[in-house]
Amino acid sequence: MMFNSFGRIFRFTTWGESHGPALGVVVDGCPPGIALTEADIQPWLDKRKPGQSRHTTQRREPDEVKILSGVFEGKTTGTPISMMIENVDQRSKDYGDIAEKYRPGHADYTYDQKYGFRDYRGGGRSSARETAARVAAGAVARKVIEGVGILGHVVEIGGDRVERFAAHTLGDNDFWCADPDAATRWEVLLDSVRKSGSSVGAVVEVFASGVPAGWGSPLYAKLDGELAAAMMSINAVKGVEIGDGFAAARLRGEDNADRMRPGAGAGDPPVFDTNHAGGVMGGISTGQDVVCRIALKPTSSILTPVQTITRYGEAVEVMTKGRHDPCVGIRAVPVAEAMMACVLADAFLMHRAQVG
Amino acid sequence: MMFNSFGRIFRFTTWGESHGPALGVVVDGCPPGIALTEADIQPWLDKRKPGQSRHTTQRREPDEVKILSGVFEGKTTGTPISMMIENVDQRSKDYGDIAEKYRPGHADYTYDQKYGFRDYRGGGRSSARETAARVAAGAVARKVIEGVGILGHVVEIGGDRVERFAAHTLGDNDFWCADPDAATRWEVLLDSVRKSGSSVGAVVEVFASGVPAGWGSPLYAKLDGELAAAMMSINAVKGVEIGDGFAAARLRGEDNADRMRPGAGAGDPPVFDTNHAGGVMGGISTGQDVVCRIALKPTSSILTPVQTITRYGEAVEVMTKGRHDPCVGIRAVPVAEAMMACVLADAFLMHRAQVG
Amino acid sequence: MMFNSFGRIFRFTTWGESHGPALGVVVDGCPPGIALTEADIQPWLDKRKPGQSRHTTQRREPDEVKILSGVFEGKTTGTPISMMIENVDQRSKDYGDIAEKYRPGHADYTYDQKYGFRDYRGGGRSSARETAARVAAGAVARKVIEGVGILGHVVEIGGDRVERFAAHTLGDNDFWCADPDAATRWEVLLDSVRKSGSSVGAVVEVFASGVPAGWGSPLYAKLDGELAAAMMSINAVKGVEIGDGFAAARLRGEDNADRMRPGAGAGDPPVFDTNHAGGVMGGISTGQDVVCRIALKPTSSILTPVQTITRYGEAVEVMTKGRHDPCVGIRAVPVAEAMMACVLADAFLMHRAQVG
Amino acid sequence: MMFNSFGRIFRFTTWGESHGPALGVVVDGCPPGIALTEADIQPWLDKRKPGQSRHTTQRREPDEVKILSGVFEGKTTGTPISMMIENVDQRSKDYGDIAEKYRPGHADYTYDQKYGFRDYRGGGRSSARETAARVAAGAVARKVIEGVGILGHVVEIGGDRVERFAAHTLGDNDFWCADPDAATRWEVLLDSVRKSGSSVGAVVEVFASGVPAGWGSPLYAKLDGELAAAMMSINAVKGVEIGDGFAAARLRGEDNADRMRPGAGAGDPPVFDTNHAGGVMGGISTGQDVVCRIALKPTSSILTPVQTITRYGEAVEVMTKGRHDPCVGIRAVPVAEAMMACVLADAFLMHRAQVG
C-alpha cells in the first residue's frame, strides 16, 4: 500500500525533495550474493544527471551515490540496500512567486488541494530529481537479471520522428538518438525551442532483450500492466504503448498475428516472424524483445507568461524563471530504462516464487 | 502481492476460468452502510454480456450475479462482498486442436511456458470472460463514489475515428458510439470483417466527471499510474493514454498548458481553459474530467489459417473455429468503465485515509 | 492491505458470514502442477466441523467443499483456487435479543462502533464459522509443502495440563489430547461445564516437522512474526508463544542456549541438543520442529445472565441461548494447524523468490 | 510484501546493519500538516540508547536522528519521512571468531543457511541496533495519534514479578519498573547476573490509553493480530499476550466476561467493569486501555563457553566477548512502545479510510 514504493518482491522506496539535503532509495527484496558496489550504479546516474549538454537543465549535481547498507564484502546480503544522493546545487532564490502562484501543468495546485500545503522549493517531491533514486534502484535491478539487456532511446521530439535505428550512433549526440539525421534536425529544433523559452514533447522507446518466456503474473501483475504503471509514474509521461500499441488498433487480426515457427535446433525456442505484441502475450513474456514506448508532454516550465491563479484564488500571470529542461524526454531515457529493469527483476523473482 | 487482486484499499480479487462452473469476485475494503443489491450490479453486467448483437461473440450467457456475503438488510457491512456468476454456455466441443496448437496472439504459448501446462478450454483464465467479474466489482465501486459519473465510448474502429460526441446517441447503435455517422460506417465495416472471418482493433475512451481535486497518491499510486495499470490489465489492450496522451508529445509547452482562472463565485473551484492533462497533474486529480483512452488490438481469433507450432514444437497451421468477437473493443467499454470506477473508489479511500 | 486476506505470496482471502448462504476462500499464488481435488481438502474440514461430539457446538453442518476454479485435470494451474462451503444449518430463530443487546466478550459492541451497524445473525463475520474457509486454504498449503508434517493438540483445558505426549492416542478422545489421563479428566470437567452452562479456556500447541533451515524473511516477515499474526487472528486467541515462550523469560542465558553439534554424516544438518527457540532463530527456521502455542479464552456464550447494555445505551442482562461450544479450544486445533500450514507455504515461496 | 517494512497505510521501512555507516527508516503514509522536528523524536531515542546504566550494553552511541525529507517549515507534507542515525561506536575488533562460529541463540546459523553468507559484524542486520529505527518511526506515529498515551514498563525480570504499579516511580530506577521494591531486588539480581557473565529474561507490558472504540480491521488486520506481529518482530521476543493472555485460558466464561454498564452521562461511552480482553474485542478496540505483554528470552550473548559448530561443520566452543546486555528486556521497553504506536497509527488511518 506504500505510496512511495514500487514493486512486489524486488521493491524500492524512494524519498526526498528537490531542495532537501538529500534524496535516496531503499531497495528491499534483492537476492543475496550479487556483486554490487557504487561503481555499478554511478554510470547510470551519470547518464541521467543534469547539465550534460545545453539541451537539458543547467542545474549542476554530481549525483554521487553512497551505499549505506545491504552490501558486505562487495556482495548483497539479502537485506535492504539503502542508497543516498546528496543535493548540492539547491540554488538559493526567491520562491515567493512559485509559493503563491500555481504554475499550469505543474503539480502546484493539486498538491495544495490534496495536502493543504506543499514544499514548493523546486517542485518539492514532484520534481524530476526524484528519478535519480529510481535510476539507482534500476542499477541494482540490472544486476539481478544480468543476462537481460535494456536499452532506451528517443524516437520522436516535437513530432519529428526517427527513421532508422543505428544503435552504435546513440552516443554520438545529446539526445540518445539512434538516427544521426534526426539528431542533426533535433539539434536545430531544440536550440530554437530553448532560445524562445518554449519546450517540446518527446516519445521514448525502451526494449529489453534476453528476457526468457514465462515472466509476468496474470492477471493483475501482468508484465505489460506492471510496465504501464512503472512508466506512467515517471514525470511528464502521458501515454504508454506495448509493442505496436495504438497502431495495433488499426491492424486486421491476420496482420497483427505474430506467426510462430519451430526453433532451429531441438530445444531451441520457437521463432516468431514478427513482434507486434512487444514480447508480451496474456501478460507473460514470449521470449522476444519486450518493447515499450512512452509519450512525454512538453515541460510546463516555459518563459512565456501564462494566465493562472494564486493560492488565494486571484487571477495572475506566471512565468518560470531560471533553469529548465526544454525537452524532458531526453533525460527520461535512463529513468525509463531503470523502471523497466525494476519491473523485470520483480517479474523474475515472482516467477521464481511461483514455479521454482 | 496477490496476482489476481487489484486495488489497495478498495481491493477486488477475481477467480474463475472460461469453462469452469462459475467465476466470481471478492470485493474487500468497501465501506459499510452503502445500499447495495443485485439490482445495482446486474445492469452493468447486462451491458457487457455477450451475444447482444451480431457484432459480438455469439456465446449466450445470462451472466446473472449473486451476492453471497457482505450485505445485510440491503446495505454493505464493511466485510468482504463475494459475488458469483455461473457459466452456462460452455458449449461442448473438441478442444484437441487448441490443446495442442499455440494460437498466435493468444496466451497459449506463454501460459504453457510459465506454468508447464494450462486449462485450454476457451482460453481458461486468460479468457475475456473474467472481465465479467471486474464489471461486478466496478458496479460496487460506483456506489462508493456516488457523485462521480463514468462513461466510456468507442472512438475508433479499424482506424476509422469518430468526429463528434453526441452522448444521447450512444444507445442508438451496437458500438457505444457517440457519432451516428461513424456508427453507420462501422456497421458496414464490421459486417464485412465478420463475414471474412477477420477482426479489427479499436480505441475506447473513458472519462469520469465529478471527481474532486486531490485524489491520487504520489508517487507510485498516482491516479494516472493506477489507471494505466488498470487499463493495461484488460485483455487485448496494448496502449493507454491520459488526456492528450501521445498527441501531447507533439505540442509546445505553451500550447499544452491548461490555463487557470478564478471560479465564478467565492469558494468555487478554479476554471481551466483546457484539459490537455486529462484531469490529472502530478498524479493527483485537478477537479476536471479524468480522461483516459485505450488501444485494443484486433482479436487473434480469426478464421484465416495461421502458421504456428504445437506444444511439441512441430510446425502446423491453426484456425479459430466457432464463436468470436470481430472487434473486442466494443465489449471492452463496460470493462474499462468498471476499472476506472475501481481506481477512483480506491483513490477516494486512500485520500480519506491520508487527509481525513 | 486487504483486510480479509492473509499471506504474501501464498495468499488467501476469506468471505462469508455465519448465517449467509455460503462462505468461501480464494487462494492465490499457489504454484501450478500440484495434484488437488476436493478429497485433499474435505478430511481437514471434517476434522473441524461442528457437532462431532457433545463437547462442541451442536450446529450441524456438512461443510462440503466445492472447488470452483484453479484446478484442471486434477492439478493446480497457478490461477486462483476458489472454494465454497454452503451454510446449511442456519437455524431460524429470533435474533431480536442479540440484535439489540451487546454480549460481553463478543464483537457485538465493537462492530457496531466501527461500522455503525452489523450482521448480528450468529455473530455475522466474527463467527468462528469463518475458520472453515481457513481450513480449506490450509489443506491447499499442506500440498505446497508436502514434506512438512503439521500436528496440533490441546495441551490444557480449564487450567488442567497434559503431562505427556502420546501421539497415537490423539484420535482416542474428543479433545485432540495426546495424554489419555488428561483426556479422561477433561471429559468429566467438560460435562460439568456444559451442564452448568459455563465455558472454559484452553491452550493448543501446534508443531511442524520437516521444515528445512532457512525459511522466514527478516525483519518484518519473520517466521515467528507471521505465526504470531496468523494465530492471533483466530477467534478467542489471546496469547501466542514460540518455543519456550513465556517460560523462556524465566531462564538464564546458559539454560536457554540450544547447543549445536555436527550432524552424524558429512552433509547432514547439525544436531541441536534442545529446542528452546521453537525452531526459529532471528526469524528464520533452524531445521528443528517449529513449535507454537496459543491461549484461547473461554467462550463468552454462556447460560449465565450477564450485565450489559443495549445499542441504545440502556442497562440490561443478556444470556446466550441455544447452541454453544463449552470449550472453543478443541475445534481450534485444525484451524491452528491450517494457519501454520499457510504461514509455512508462504515462507517457502518467499524463500524460493529470494534465493532461487 | 516488503520484508523490511511494517504497516499498511502508516508504513515504515528500516535499513542498516549494526556496524555499517548508518541506519535509518523511511516512514510513508504519514498524514500532512503534523508538526514534526527532530526534537519530537530524539527523546524517544535517548530513552532507548545504550550505555545509560551499568545494566545495559556499554556500547556508546549518541543515536542522533536527522530528518532528511518529508518535513517542510516544521510540518509533515504527506511525503516520505526519511530519518537517519549514524553509527559511531563500531569498536574495531577481530570478528574472526564470530565469522566462523555459530553462536547458539543468535541468528548466525540461520542467516548463513538462508543467504549463503552474512554480515557478521555485530550481528549485522539481526542486531538490536535496528530497533533505533523503529523508535524513530514510533515517535512519528505518536504524533499521528496525539490523544493516545502509550506507556511500557518491565513487569518481570528473571522470573521475579512486580507487585504494584506506581507510575510515578518509573523514572527512579534503571529498569522502567513501576514497583520500587521490585526495582531494588532487580538491581541486586542484575549485578549478580552481569558479574557472572550470564543473562536473564524479562516480561514487558505496554498499554495505550485514549484509544477510541472502533479501531482495528477484521479479520486479518485485527488490532490484536497486528500487535502480535509487531511485538514478535522485536529481537528476543518469544511470546505475546493481549489482556489476560494465557491467564484467560484458565478462567471460566463468567469470570472472563467484561460486563458493561451505561456511561455516566448521555453520549458517554459505556463503562466496562473489567478489562480481561485488553481493550480488543473481535479485533476492534473497545475504548478501554489496549494492553499487551511480551516475553523476552535471556540474551544469548553470555560469557560462559557454549558448545557449537563452525560454518564448516566442526565442533567448537564459543563465548561472547565484550559488550552485552545482561537483560535485553530493559531496552525493549521503548521499542515495544514504538511498535504499539505504529500499530495504532496505522489502525487509525485504516479506520479513517473505511468509515470516513
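Assorted remarks:
A, B, C and D label the chains in the order they appear, each numbered from 1.
The definition used in the following text is that contacts are C-beta pairs under 8 Å (C-beta built on N, C-alpha and C of every residue); 3 or more make two chains touch, one makes a residue touch a chain.
The chain lineup, named per UniProt: A, B, C, D = Chorismate synthase.
Because the structure is predicted, anything quoted here is derived from the model rather than measured.
Relative to chain D (Chorismate synthase), the most remote chain by averaged C-alpha coordinates is B.
Comparing contact pairs by residue number, the interface of B-C is reproduced by A-D among A-B, A-D or B-D, since over half of the pairs coincide.
If you average the Cα atoms of chain A (Chorismate synthase) and of chain D (Chorismate synthase), the two centres end up 39 Å apart.
Centroids of chain A (Chorismate synthase) and chain C (Chorismate synthase) (each the mean of its C-alpha atoms) stand 46 Å apart. With centres defined as mean CA coordinates, chain D (Chorismate synthase) is found 26 Å away from chain C (Chorismate synthase). Listed for chain D (Chorismate synthase) are residues 1-5, 8-9, 14, 29, 32, 78-79, 114-116, 125, 218, 350, 354-355, each touching two or more other chains. Partner chain C (Chorismate synthase) is touched in their complex by these residues of chain D (Chorismate synthase): 1-6, 8-9, 14, 102, 104-107, 109-111, 113-116, 125-126, 130, 156, 158-159, 193, 198-203, 213-222, 224-229, 231-233, 238-246, 248-263, 266, 270, 273, 276-278, 281-287, 295-302, 304, 306-309, 313-315, 329, 350-351, 354-355. Within the complex formed with chain B (Chorismate synthase), the residues of chain C (Chorismate synthase) that make contact are 1-5, 8-9, 11, 13-17, 20-24, 26, 28-29, 32-33, 68-70, 72, 75, 77-82, 114-119, 121, 124-125.
Against chain C (Chorismate synthase), in their complex, chain A (Chorismate synthase) makes its touches with residues 1, 9, 29, 31-32, 78-79, 218, 349-350, 352-356.
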